[in-house]
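Two complexes come next, and they have one chain in common, chain A, joined by chain B in the first and chain C in the second.
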Partner chain A sequence: MTPQNHIELRSVRKAFRYFTLDDLTLDLPPGQIMGFVGPNGAGKSTTIRLAMGLIAPDAGEVRLLGHAMPEHQAIAKRDVAFVSDDMKLFPHATVGWHMNFIASIYPGWDATYAATLVKRFNLKPEQPVKGLSHGEHVKALLLLSLARRPRVLILDEPTSGLDPVARHELLSEFMDVLRDDSRSILFSSHNTVDVERISDRITFIDRGRLVDSRDKEDFLERWRRIQLQLEPGAVLPELPNIVGRVADGSFVTLTTNRFSTALIEQLGSAVREVHRMSLEEIFVASVFHHREVAGS
Partner chain B sequence: MYSGLNISQTDARPMYLQIMEQIRQRIAAGDWAAGRELPSIRVLAAELRVSVITIKRAYLDLESEGVIVTRHGKGSFVAEVNGLAGELQEEKLAEHLTAAAELARTLGLTPEDLAKRLERARRSVEKK
Partner chain C sequence: MNSLTYKLIAKDFQQHRLLIAGTIAIGLVSLLVAGGGTTLLFNLGMLCWLTAIAAYGCVVAMLGIATERKERSLLFVLSLPLGYGDYVRLKLVGLMLCFFVPWAVLTAGAVVLVLAAQGMPDGILPFTILLCGFLLTNFSMVLSCALFARSEGVMTLSIIVHNIAISIFIFLIGPIPAFRDHLQDPAPTWGSEFWTVLAVEGAVFVVICSLPYFVAARRRDFI
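Then we have the complex of A and B:
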């Protein structure tokens, strides 16, 4: 039996006046980090709010830790923590006051771990929230979430606006959570470098539609940029799985999302170079290809 | 257990290949002896701050190469193959020779020219 997915969306639709999220299907199994990547306005936050039960879908099913959302959100949320970068703590209360407050609500609060995180993040419990920098504010939010030891951690743009050192500290903490293979993390970001590094699964979303969702290694293995130099007068045959083609005289650059050695054999001596692509390049190429196919 | 491995952001190779290469080097150098236990996948992922799936991929490929053995529920270990270090060196030599042959073809060298150059390189190493 496969373990129950921590997050499960089935053909979810949610329409707003100027934006519609449609036909979204998504799985996050336990023990994995999913990077959720999309341009601004793609529907990342809407998807996360659906998963958290903050809004109800117009159609389709949303399950969090197996509980139907938003109906059973109260049970599900005992084991789920959510952080978004626009969340606000009480400005006049101290970090320590917030820690006591959360500890009084959640029985699973781990005071030892909280104390470790205070040190690691260099926070001062006696400091009022209003004096914190943006980075410290995000760290305080994460501390309050992590010390609850949630099974699912949902993070909306957790690293945006952070300096490289703070980002590094947060990524370390996320990986630490995953030492326990019964926990999982969903995090949205447009920083593809962070996503490429720590994600097991990656989901691309654009204009309210799912573009692609698969294992990170799959993405990196399937996409290649192939540089060709054609003989004078030679014509490139029709090839399958080519999503991009740029020609300049006898030089042609192909982008494929289904790379295979068979493809290289077919192209024969015209092949000059074959390049792997970074997640950012793959993301941009996927989005443009998806928009082309969708006919917009 | 601290592995001492590291990942370079400026290295164009995928992360799992970098990890495989560094583990092979440690085994070839004799630092990681046969039978030594490797860090668990999740521990190494946390230490290097890379995804679990990347480490899994590196371990699977090393296993299919026979460099490491994974015992279910017990962990991964450096394989007990005699002369593994030698084998890895052999492989490296073959790679370098192929690369040299390819370059020679690009430069239009004759096989004799190439052989002469190899002999010259060999002598210069012996002098050291």
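Then we have the complex of A and C:
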């Protein structure tokens, strides 16, 4: 194991009655924002709960800041902040009470930064939590997480249900946190726009299995959609690294996960257009390809 | 226990402070009614006193554990630097303390009532103390169930059992001759039956309170 990784999962398995997370290996090095992307029910929250020590793996090894989880979670969580979309603060206490509470627990609490975030997020410390809207509640959770200056920030669908303005505000704050390159973020979402904006490494997960994990730029460089127009009677040769093929008469659209100029040269004059793919398109194509391979 | 555990215990106590004050107030008023001098007022007052303690215990266990789980505040608590054992310990100690304060005040109030009220025989004191002891043990049962239970159904069942258990205790212990025959005595009789029942209550209390350490705190999945 690489000791400097903030999060390490090795061949982790966790079985539930109707779902199994299987053979998951994942590393989050310091200073990295990892976007953890998957459809609903893919295993994102299960993975995060394993990383936080809230559930124990049936097999494999989980380490958070080098500490074995869940055994040493009390020590590991001193330097970790965790926010989940279904996490709730104490409803009868105020935002200010929670700020004082967290400040009294974490020595690294930055009161100046907390005050800045209160203003930026337009929160009222005297307001009871039960009166906050969903967006305000998420902002309060993030304020409490960010102002403690954690080494690792674990976010499980934090922008779920937020309006675009609130999402923009939160994502900007995540970028601010990463100015200190010793910190890292694991950011789970099925919103690829958010993930594409802030992540520098992306991991796709589907049906409890890791689909792919690499640098964002690597994803964007490797995946292309190629539109071809074939001559009448022409047959497309078998090509390597083609993960999708859609034909409409003489028009064919190929999706490749290892784009190269050699491929274009091989296709020759049939090539009409080559499109870069958005992360969402890559995600969908990647998941379908993974399911196809797994099903074969 | 570390400082975070103490802070969370203090949070539980602070959260329930109005409920604690309300229970004490209702219980003391009930005791005043019970000391009114007539059998009707005594029965009415003691029933309200008993209900106040028992209902409060159920509410504390519900709000402190089951509702915290249901409203997802548990996830926030578990995001803090705590282990499962710490959580079980803080809930057990914190909520026991929340129950203990009104229970102790109202037990003391009942003892004072028996000893001070005109026309009330002191012979009722042993049974009163055993009943108070049972209420504490019975609360520990609901509290432990709340720590084990992951469904509202189990929690509801434990509350039903808790409430039925009080009636069973009264009907089982009350008719024992060592208690029944001395209820009207001018002075309390501290026979061996009293000490036996009290010891059983104490032993059951210790066993029930230690069960969560061996079961709930050792869960592999806590959420």
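The rule we apply is simple: the second predicted complex is superposed on the first by the 292 of 296 C-alpha atoms of A that agree within 3 Å, B and C clash if a C-alpha of one lies under 4 Å from a C-alpha of the other, contacts with A are read in each partner's own complex, and residues count from 1 in each chain.
FYI, a contact is a pair of C-beta atoms (placed from the backbone, for glycine too) under 8 Å apart; a residue touches a chain by one contact, two chains touch by 3 or more.
Predicted model, so just to flag it, every value in this text is computed and none were measured.
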{"item": "Partner chain(s) touched by A:239 [first = chain B, second = chain C, both, neither]", "value": "neither"}
{"item": "Touched partner set for A:88, first chain B, second chain C, both or neither", "value": "second"}
{"item": "Touching partner for A:31 - first (chain B), second (chain C), both, neither", "value": "first"}
{"item": "Touched partner set for A:176, first chain B, second chain C, both or neither", "value": "first"}
{"item": "Which superposed partner A:199 touches (first chain B, second chain C, both, neither)", "value": "first"}
{"item": "Partner chain in contact with A:216 - chain B first, chain C second, else both or neither", "value": "first"}
{"item": "Contact residues common to both interfaces of chain A (with chain B and with chain C)", "value": "none"}
{"item": "Chain C-facing residues of chain A, complex", "value": "49, 52, 54-56, 70, 73-78, 81-84, 86-93, 101, 104-105, 141"}
{"item": "Touching residues (chain side chain B, partner chain A) in the complex", "value": "9, 12, 14-16, 42-43, 45-46, 49-54, 57"}
{"item": "List of chain C residues in touch with chain A within their complex", "value": "3-4, 7, 11, 15, 71-73, 75-76, 78-84, 86, 220-223"}
{"item": "Chain A to chain B touching residues, read off their complex", "value": "31-33, 168, 171-172, 175-176, 178-181, 193, 197-201, 215-217, 220, 276"}
